[in-house]
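What follows are several structures.
Common to both upcoming complexes is chain A, partnered first by chain B, then by chain C.
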Partner chain A sequence: MNRSALTRSILSGLLLISLLAVANPAAALNVFACEAEWGALVDELAGELATVTVATTAFQDPHRLQARPSLIASARTADLLVCTGAELEVGWMPPLLLRSGNPNIQPGRPGNFLAADFVRRIEIPVRLDRAQGDVHPQGNPHIHLNPNNIARVARELAQRLQQLDPANAQQYQTRATDFLDRWDAAVERWEIRGEMLAGKRLVAHHTSFSYLADWLDLEIVATLESKPGIPPSASHLATLLEQLQPARPLAIVRTPYDNEKPSAWLSQRLAVPALLLPYTIGGNDRANNLFELFEVTLTELGALVL
Partner chain B sequence: MRHFMTLLCLLALTLPAASPAAETGIRDAAGTDEAAISELRSMLEEIRSDYDARIRDLEARLAAAESNSRRAQRAAVDAFEIAEETAITSGAGQSGASAFNPAIGTVLVGRYTSLDEGWDSIPGFASDGELGPGSSGFSLGESEINFKASIDSEFFGNLTLALEDEDGETNVSLEEAWVQTLALPHGITALTGRYFSGIGYLNKFHLHADDFSDRPLPYQAFFGGQYIADGARISWVAPTALFFEIGGEVNWSERFPATGGGTSPDAWDVFAHVGGDIGGSHSWQFGVSYIDMDINDRSGGEDTVDAFSGDSKLVGIDFVYKWAPDGNPTVRNFKLQGEYFYREEDGTYADENYNGDQDGWYLQGVWQFMPKWRVGYRHDQVDSDNGDLFIGTPLADPGHTPRRDSIMVDWSGSEFSRVRLQYTYDQVNKDHDNQLVLQYIMSLGAHGAHEF
Partner chain C sequence: MNAFELSIVAPALLAGLLVLSTHVALGQEVLTRGIIFIDLAIAQVAGLGVIAADTMGWEPHGWRVQASAVSAALVMAVVLNWTGKRWHDVQEALIGAVFILAATAGILILAGNPHGGEHLKELLVGQILWVTYGQLFPVAVLYAGCLLAWFVFYQRIQGFGFYALFALVVTASVQLVGVYLVFASLIIPALATRHISSRNSRYLWGYLIGLAGYLSGLAASMRWDLPPGAVIAWGLAIFALAFSWLAPRRLRE
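What follows is the complex of A and B.
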């Protein structure tokens, strides 16, 4: 074999290998994230090692989704499902799992990761009765706006990634340590910035910000929904107006998926700002990752007290 | 610690060497060798910088250890809190035998109906099952109890009972009783028992999930309201970004429109669905179905003794399109759905040779224009071409197309309650009929499924 033939065969061999590498998607974990915050966390912890599909955008109420065809298709090929749990996805996750034909992500399998299992949940109802609204027996499921919960979930999720993809375990470990170092430092910074918010009073559309309030010692004095999950009614808003008039809150906060009208109505009459917080990744154009989400949230809230 | 000690010793050695007194001493005693001294100095400098680096390294390690221990401490606090909470919840909550109770859901329905005439059969069709708008006045309809849960890691089970009053007696009927697999590989799911067939679009839904107070005419004419099968299904979801599902079923049920079978079933069907999203605000699904049946003595309705035997073949196409701004249906959303069925039957009816074909379709749109409130419009119709031999039987040519136009408005207090008012301009029979239905649908217990 002459030299050029040898070079040619080596080159074509390399080309073939690289083509195979490109064509073989098994190199990356397929992750189905129910909410954008968990999608972003998987990005931090797995980077190139995972392909992430996020089921809900910041503009969609994760409780009200339907098991639509595109989601079934994504769930079919997922190696890992990262969701909130605590019944946040109770309406659409069971039919999605039943129709996915995917054993790896069924409840009880390592590929089924529920973030709320690993944090201390608040607002666990004492009495379970739908007369109290769409209450969740396992407590408030909107856990991610306390950054300490993100760290808790990150530690567990990093282990789960290592378990599912042992070949890359070392990389997940390194990434997790790096993320947690940066996260812990950021949390310390945020906690200092948040000190000026302690004790401040807010009104929220839904109980979406309870963990944020818990973390920053904010006080959510009322919700626009008379009961969780029940759209705000005119009579309830009128009652709130009367109640809040003597001691007006700092602001009325809502997520991008909440109806803006009730906030606007009350904000106008109480003469307090209606504040749209990003709530999750993509909630506004400055909240593009977990760090930015908290930066932006603190900046928005901080602007109220300056 | 060992590094620290070594470091201290070396520092102790280098300090006196650097002092001017010692330098003078050396110069006096050894008779000045500048070169040697500067060499010594540079060596010391080297040692110093080396140890500076080591100190920095040690400091970094110390900081890392501190942060790790902080993290470990936080983790320990978390673990403690979670353990505490688990102890609290498991102590106060479910225990013993009831801890594994399946999810139980109950649906309560009822309606007040006002009809000019009403009907209980569709001209041109020998149908059976849930037909027509009922009678004027208040009626309960079917109350439902549903149990479902994972059986183990391999199987999931579901049971639905329907309770309905008929002639003063309460009948319990078994609507669904199926188990399905959870652990088959390659996107395959198998299901067996009694189940709502996967054909069409509307068929897989419970009646109380419908957007109108009754099933569209083609469902009533071809399936007696719903095609419920006793048998088995196997389905496969493709590993593609675009949703693609195909499935097949065999059915031994004697419930209309099937008539059972022996060792091998007399009815089988296949279906396929494809669907996806267009941007963030639109999603869609399209489906095709085919049902093949050998019918043995199927009488249509209670009033007739005439029966059909022979081949029955039905094809259907269905589509549904949903819109919500940014995919968020909270305030406003829209749903458009339609289905078309065509059936050919070949055999004997009332001992005469019979070769008839029928078709039917419906198209409906439902618009949520503000939270809790929706309005909807539906047109449905069926048509038959059964030949001229059957005058005086249900298959006689009615001389018109049985059809209806319905409008509805409904209000949902929460995800669990709905009250609906529906008006239907009904032309199933030649003379038109005005029908008004005021209906409630309430669900208790386990959270309902948000199917697409």
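What follows is the complex of A and C.
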């Protein structure tokens, strides 16, 4: 084979590869999602166009994470990182970003999408003091259990997907419109179902359900943790028992990653049910996507007042 | 393992090699002196120094945190040197008690800290995967100095000199790889090679077992996506056992 023939065959090979790449639009984007709810949202908005890696399951506390090689590997090849932000992942995101060596997903770049940036956050501390526990200066980061927040984040995320993958912009647009139509209709149904929960009182293990309570007009009267992130102590539980005895709450709710023992302790003494809510996708076997997550949560809470 | 995977574990492997460079040598001495738990105690005390500095709100990995960790470990070295002379027969028991006190003091200091549980676990298990090349350089310089001192002045290093050298080495390694791996790197290769009569081949086989343990542990961690620190400890143990069974008898003469 002479030189020009070699060049020609290399060129035609390259052309073939690029044609194949165009002909096969599947998985244009690699997405690294910190939590299962954002992984599910990317699935809704991008479908086949994205390959999603989710860093934590419903059974892992997103505040803390043990480093595994696959986390660095998927952060390294990610085009887009979708996380909660508001310091939820502050314990492990900085070293992961550093070790990923991936310029596309560094803070401030289009490939770094933090959902909490796009919603109104509650429980923003007036005074910052480490003595107050694990307070996040940017407010409570567990934003996804208000479905209106999911809609807001979905709109922003759809735009970000189009910006990062302009070739498929039309598809992202179509999928987003379709998702938001279905979502808005579902939210309307959920709000009607949720009316009977308004004004009801709950105790929560951690401040994980504040946005759900805010949406449904539930009242979280106490948390089992004396301060956010501090494991419940015997003395705090005793205080709660005394304080809640006269007016019992509807239930004591917790996420799959919270320790069940404090809930069980208080539940037994107050004769109030301890309720494990799915909290995110995969939190129980019936919550497999965002729609099911809210369906199941409302069913579980609704069963308490029927 | 391909180049991409190698780039993920390379800093962890280098951290492991650095830790082995000093710990295999010191481990032989620790085993000979019968003060096995000294590294647990000193590592825990150095960790306590880090925790205390953290509680002061000092910047992590800053010089004040290092100074706090090293001073805590050196104070412990002085105390252990003294108890070693004063109550030689119960030195190992005292070291064990110091370990428990340092560990529980950490729990007490962190009782009101929302990230307390993570800090304590990180001190034990370490986060070897988060290690960056920037962190390794100062440790490499420190270890070069320590190894030089160890091999040049070996005959004259005893008492406080040994404890102080040990404190410096362990303070650095515990922050890179955690207490579990520090203990494993120190004791397991020394245990497997204790019957070898020549000091040089004891060192050589110790380094080889350590290297095999770290390489296999990191490869297994990569293959099955497991936390590397814990797998490496098992890798070290498996190679140490294999060596004890298969080692040629003439090494023991």
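Basically, the second predicted complex is superposed on the first by the 276 of 306 C-alpha atoms of A that agree within 3 Å, B and C clash if a C-alpha of one lies under 4 Å from a C-alpha of the other, contacts with A are read in each partner's own complex, and residues count from 1 in each chain.
Throughout what follows, a residue touches a chain if its C-beta (ideal position, glycine included) is under 8 Å from a C-beta of that chain, and two chains touch if they have at least 3 such contacts.
None of the values given here were measured: they were computed from a predicted structure.
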Could you classify chain B and chain C on chain A, in the superposed arrangement, as clash or fit? clash
First (chain B), second (chain C), both or neither: which does A:Arg121 touch? first
Who does A:Gly91 touch here: chain B (first), chain C (second), both, or neither? both
With both structures placed on chain A, which of the two partners, chain B or chain C, ends up touching more residues of chain A? B
Looking at the overlay, does A:Arg99 come into contact with chain B only (first), chain C only (second), both, or neither? both
First (chain B), second (chain C), both or neither: which does A:Arg76 touch? both
Examine A:Asn148 and indicate which partner it touches, taking first as chain B and second as chain C; both and neither are also allowed. first
Could you tell me if A:Arg201 is touching chain B, chain C, both of them or neither one (first, second, both, neither)? neither
Kindly classify A:Ala67 by the partners it touches after superposition: chain B alone (first), chain C alone (second), both, or neither? both
Given the touch rule stated above, what does A:Arg193 touch, chain B (first), chain C (second), both, or neither? neither
Colliding stretch - chain B into chain C, listed as 60-68, 150-158 or 204-212: 204-212
Which positions of chain A sit in both the chain B and the chain C interface? 64, 66-70, 72-73, 76, 91, 95, 98-99, 130, 133-134, 227, 229-231
Where on chain A is chain C touching in the complex? 63-64, 66-70, 72-73, 76, 91, 95-96, 98-99, 130-131, 133-134, 227-231
Name, in rising order, each residue of chain A that touches chain B in their complex. 57, 59-61, 64-70, 72-74, 76-77, 87, 90-92, 94-95, 97-103, 106-109, 118-121, 124, 130, 133-134, 148, 151-152, 155, 180-181, 184, 227, 229-231, 257-259
In the complex, go through chain B and note every residue touching chain A. 67, 70-71, 74-75, 78, 81-82, 85, 89, 150, 153, 156, 180, 182-189, 235-245, 273-277, 280, 283-285, 322, 326-331, 371-372, 413-416, 444, 447-452
Which residues, counting only chain C, touch chain A once they are in their complex? 4-5, 8-9, 11, 57, 112-118, 125, 127-130, 132, 221-222, 225-228
